[in-house]
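Provided herewith is a single structure, encoded as structure tokens, for subsequent inquiry.
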Amino acid sequence: MSLIQLEGVSKNFGGLRALAEISMTVDEGKILGIMGANGAGKTTLFNVIAGYLPPTTGNVLLEGKSLLGLRPDQVCRRGIARTFQIVKPFQNLTVMENLLTAAMFGSVLIRNRQQAVAHCQTVLKDLGMLGLADTPAHALTLSKQKKLELARAISTGCKVVMLDEVMAGLTPPEVSEMLGIIREQHHSRKLTILIIEHVMRALMQLSDRIVVLHHGERIAMGTPQEIADNPRVHEVYFGEQK
Amino acid sequence: AEKPPVRIGFSMSQTGPFANAAQDQYAVYEMWRDEVNARGGIDVAGEKRLVEFVEYDNQSRPEMSVRIYEKLITDDKVDLLIAPWGTPFQIALAPVVEKYKFPVVGNTSASVMLREVKPGYIWFPTAAIPDVMAVELTKLMQQNNVKSVAIMANVLSLTKELKTFIEPELKKAGIEIKFSTEYPPSIKDMTPMLAQIKELNPDAVLALSYPGDSVLYGKQAKEIGISSPFQFVALGASAAFYRKALGDSANGFVTIGHWAPDNPEWKNARKFYDNYVARYNQEPDYLNASLAYLSLEILEQAVAKVGLDKEKLRETIATDTFETINGKVKFEGVQNVITPTAFLQIQDGHLKLIWPDSIATSKFQPKAAIK
Amino acid sequence: MNVTLKEITVFVCLILAFAVLPFVAQDYAIGVGLAILMWLALTQSWAVLSSMTGYISLGQVVFYGIGSYVVVVTWQWMPLWLALIMAGAISALFALVVGLPVMRVRGPYFVILTFGLAELVKYSLMAIEAKMGISSRLLFGTPPIETIYWIVLVLAVASTLLLETVHRSPFGHGLRSLRENEEAAETLGVPVARYKLIAFILSAIIPGMVGGVMALRSSYFEATQAFDPMISITVIVMAILGGGDNARGPLFGVIFLVILSELLWTNAPQFYMIILGILLIVFVVKLPNGLLGWYRNYKHRAQGEGS
Amino acid sequence: MLSLKEVVGGYGEVQIIHGVSLNVRAGSVTALLGANGAGKTTIMLMLAGVLPVTQGEVLFDGKSMGAQRGHQRVNAGMVLVPEGRRVFPNLSVEENLRLGGIVPAARPTWKQRIEEMYELFPRLRERRSQAAGTLSGGEQQMLAIARGLMARPKLLLLDEPTLGLAPIMAQLVFDTIRSLNRSGLSILIAEQDTRNTLNLADEAYVVENGRITLHGSSDNLKNDPRVKEAYLGL
Amino acid sequence: MSFVDVFLSQQLLFATLVTGALYAIIALGLNLVYGTMRLLNVAHGELVMVGAYVGYWLFSVFGLSPLFSTVVVAAFSAIVGVLLYKFLLRDMLVRVDRRERLEANSLLLFFGLSLLIQNIVAWVETATPRAYQYMDHVYRFGDLAMTGNRIIALLVALAICIGVTLFLRWSVFGLALRSVIEQPEAARIVGVNVEQVHIVSLTLGFASAGVAGVLLGMMEQFSPFIGFPLAIAAFIVVILGGLGNILGGFLAALLLGAIETYGVALTSPNLRSVLLYGVFVATLMFLPQGLFAKRVSR
């Protein structure tokens, strides 16, 4: 059975249609890449799934059960975590404290502080951030803050994680490192991943399947190879340059 | 060797919302101290000793005032206490002086609640208790052909009580109540009330107001053009600033007060008045200032007789009759049973006692309509 | 994060010091002690909501006032202990009823809303009382200051423990997260609306009871006193003076301000407000991070030099 | 055009930049390369007057910028497009643009300038009265660049201008930078898309741990093995 | 009075306008300080109070018209604002490590300042209430009666409100101000002179508070302790109209003026404060950003 199912999801902002009748499914343990031009509706899609915005029409299901009407914290408890494209760290808390929130309130729900700290330490270690545990979040560079977003999302103990441009602003070697991390987490934690990226190399290498949005509509869906060969995608996304 | 000065303690609303009202009383306290010291000091059972104040600001908060008196008694160990300003403060003081058996003569408080205070160590010389005032005021109006009234009352204790007691009196006297309402102390604009009163055109308007809103009433009644011949404002109009704030339009207002300087039978009344004017360059408040001064006179006379012993002082204050600027004063229970309840009117910029006839210095004059 | 032995010792010593005070001092000193304990109970409770969540309430007095009313109205016919429990319960109930819509409002809007709410309750009660012909009340047979002192001591200790417990619990961690960023906290599973409501209710109970006992301090009662907005402001000023979000900040702030103003009004009665005003301004300039911030800095430096 | 001499600075007591010297020649594109946390953004913020320069000297057009505050630097022609966009979230797109041109030097040509920006990024015209905070990430990035151009700068400081832009938009931004440069604008750019950046730049500096560790023409750097490994991922 | 009478009464309309205009101008000053810089100026009422006293002194000692005093008071308040900024506020506003506690520290600072001002005035002038008569001739037009000073206060307050609104709408300053409200750091980056914006709004805010004080003193009695309720009224207006939204503030002030007259005329004066605070609380519960919040389209 597919883990996540979208049925005709639309979202309007006033007169603007940011999502138009999006239907799709994501199978358990798969990585779905999402691409599309700026303003195509990618982040909006995450917002709808996460319970952040109510869809104008349509339904979102997790394991066959509707998520409609759930608040973001309830969605998170069901096992869907996310990162924010425009980062929202807890500025005055340390990196560890940032993660503790996730561990104490996310779907793992570890209420014992010692255990929660241990849980977060493994996450930090996996992401190579152990050294930053006691740094306050506001002292991190933007790209470190993005990594913090990722660590925080994983720390909730989620089944599904939605990553919104976590690789933006990384140098190519850093992208490679991040790819390794995500793959590793994907395997070790059996995560289902939805990932938005403009870094094509990353998306092509990671995704099992890719869906392409354009002006809120789904214009293509398929394996990375199929998407790479799709002329429509070329036209709206890459421009003349290949 | 020189005897140490007599230390007299009190708390005063020097800051906060009541500070403006408490100033007259405070001015009298200071004047009295200087007068006494100029005479060589206070007579303590035959021995003259200088007077020294120990005073603290209560920030207009009664519970702060309670703490201050506890400190004055137990920490500063003062010889005598005098009263803070106002009903809330003096009532709150009662249990403290009861506990320490320390007599205090109250002054600027007025409320029927005072009678519920357990008699013992505190007394209230005021003659402006609302239930009696209600009766007297009704008589005064009847005598001056008032057939209909409009009442607007501040919900603070004194004026609220006055309203409660006067309404049945008016009905008994056959005076029609055309309009009756209450308003909160925070009032900023009386136009809605006054517009209605103007339309009803009653013979009398009773503005049962506190000092702040008394000025507001005066200004807005003039603007809207209230032309009732009998207009009463409860508190504040007995103070000098009221006439300063309103000028000619203050003339004709009737107000609460049972003292005036020109009654020849009140021995030191004129002297008190003159000294006050000389010192402060303005008239004393005929209500609060005179009450404050007479409470000091009572204390002074009692101390002259029995000295500083608390029990003897209590005994003396509770049983003796005192000669004051407001005539004779004698307490039964907590109350002064001699001074009559009375009213003042502003006439040509001066305050005149117009009721009761026994002490009146002038006759009621209808308030002139404003051009 | 764990409670150290030193902290417990200091805390117990402090309680003992306050506990012996009534036996060794006269009324004035007991009054000062009572003032410290009362403000401590109010400020620690305030911190449970405001320091933890960043929702600065300027209406803490509303609970104090409601509690006062409950005790005053039931004074003649209900035993004090029961009245106090009712005072706490009714304050909490009030918080529960208005909590959801109130806690939706954020930032400066919340600050002024809470102020307005307290005033609204005050004036509504006054209007109702005026309708019933009451404007103030006399209370007969109020308990001696020592009794009041003991009750407030218990409340002050309780509120300190409450704040510390919240501070160390997962609940407190959730509150701190939502203070930093409500949206992010929510996506990480913190039930933001519910937590804010619970914090609001927790911050209401003890002030309700404090208001209840303190109403008995004076035999004269009226609504304007029980709902005096200066109480709310004083609480905030003390918390800011202290700084931080654990129980130590208010403790510093309260003791500092009470003793300072006590020294000032007894020694310079004419000018103490002016001096206090100047000192507050100097304080902001010199110690912008509160007493706790200054203390930490000081300790930090001392350690730095030592090593 | 711009030269930094042994510049030192950071956040409060934390020193991040430990003596950086670099030059941007008039009419050139100069690139700052470096890993995460190297200090590129810190340098940019110091140039814009947001962070203080505690030691060393910044010369712009031959004048020392030490005492010049942020707005004076903008007025003199040095404008930053900050990392993380920093748009005014509750103001409309158009108001954001007008603010970009608020310095006296740019004010007379406001209207015309806004039209030019709309030509450059038609998406912004479509969203002109939308609150900037509700734009998509990429749209906000376009707005930040357009806002920076509004002031008619002589020197544009770009901190990761293509972050979060789709390839087609990123290409547009690079093209735009190139044509702006052709028409005389000097540019200092920090960017992670090292390949495209080096193709565009005349000169480049590599920053590591708050120090310059490598400097040269971009053609040279493209072939430098250290750069290849660390920043091109080859 | 019947329902219809109430609404037709010119007297009530006039009262609404005067009350509303006074609220508007008092709140205007606070909005420029709190709305734009988040300085929790709890001493705002004291500035108004000082304005009233200065007007009184100039009138009773030198016989100067309060209208002239408004200019003196405005200049004086503005200078105080600049000094305050230079010596106390700039650090709080500009230093990054201080901004975090800006609201807390400014509350403490202004609270200290309000104690200071109140008590210095009380010390110099005593707490005795003051009032004076200026232009208190009553003009009658049919059923409508107005004292000269209330007409003048209305006109001056209106002129200032309109002037400031136009200034903020049509000058660059208005836009710069909004950018500083939103994100001071980004404002600096685009070239806004942030300190200048701070100083201008602070001086404008202080000056209008002073002028409001002179107008108030012309009409009502005052004492050193009237400040707090005035500050509260101003906070209510500012929040109701939306923080930093000057025009919204004026409309909110008028609304409160209307409640205070029409609301009271239709119910009971005893309900005045219940109505005022009731409307305020209810509004915020439904519209958490005030009456005129910009609603982001959803």
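We call the chains A, B, C, D and E, going by the order they appear; numbering starts again at 1 in every chain.
Basically, a contact is a pair of C-beta atoms (placed from the backbone, for glycine too) under 8 Å apart; a residue touches a chain by one contact, two chains touch by 3 or more.
Note that this is a predicted model, so its numbers are computed, not measured.
Counting C-beta pairs in contact across A-D and across C-E gives the higher total for C-E.
Most remote from subunit A, judged by the distance between CA-atom centroids, is B. Subunit C and subunit D have Cα centroids lying 50 Å from one another. Between subunit A and subunit C the centroid-to-centroid distance comes to 43 Å (mean Cα coordinates, whole Å). In whole angstrom, the spacing between the mean C-alpha positions of subunit A and subunit B is 76. Of all residues in subunit E, those touching 2 or more other chains are 118-119, 270, 273, 297, listed in ascending order. Multi-chain contact residues of subunit A (touching two or more other chains): 13, 92.
For subunit D, the set of residues that touch two or more other chains comprises 11, 134. By the touch criterion given at the top, residues 11, 14, 35-37, 41, 83-85, 123, 134-142, 160, 163-172, 192, 194, 229-233 of subunit D touch subunit A in their complex.
Across the complex, subunit B is touched by residues 1, 6, 9, 11-12, 14-15, 18-19, 118-119, 122, 126-133, 136, 138, 140, 145-147, 150, 219-221, 223-225, 229, 260-262, 264-265, 268-270, 272-273 of subunit E. For subunit C in complex with subunit A, the touching residues are 1, 170, 173-174, 176-177, 180-181, 183-193.
Only residues 26-29, 31, 35, 123, 126-127, 130, 133, 135-136, 138, 140, 142, 144-145, 214, 217-220, 222, 224-225, 228, 265-266, 269, 272-273 of subunit C touch subunit B when the two sit together in their complex. Put simply, subunit A touches subunit C in their complex at residues 50, 52, 71-74, 76-77, 81-82, 84, 88-93, 97, 100-102, 104-107, 109, 111, 113, 152, 156.
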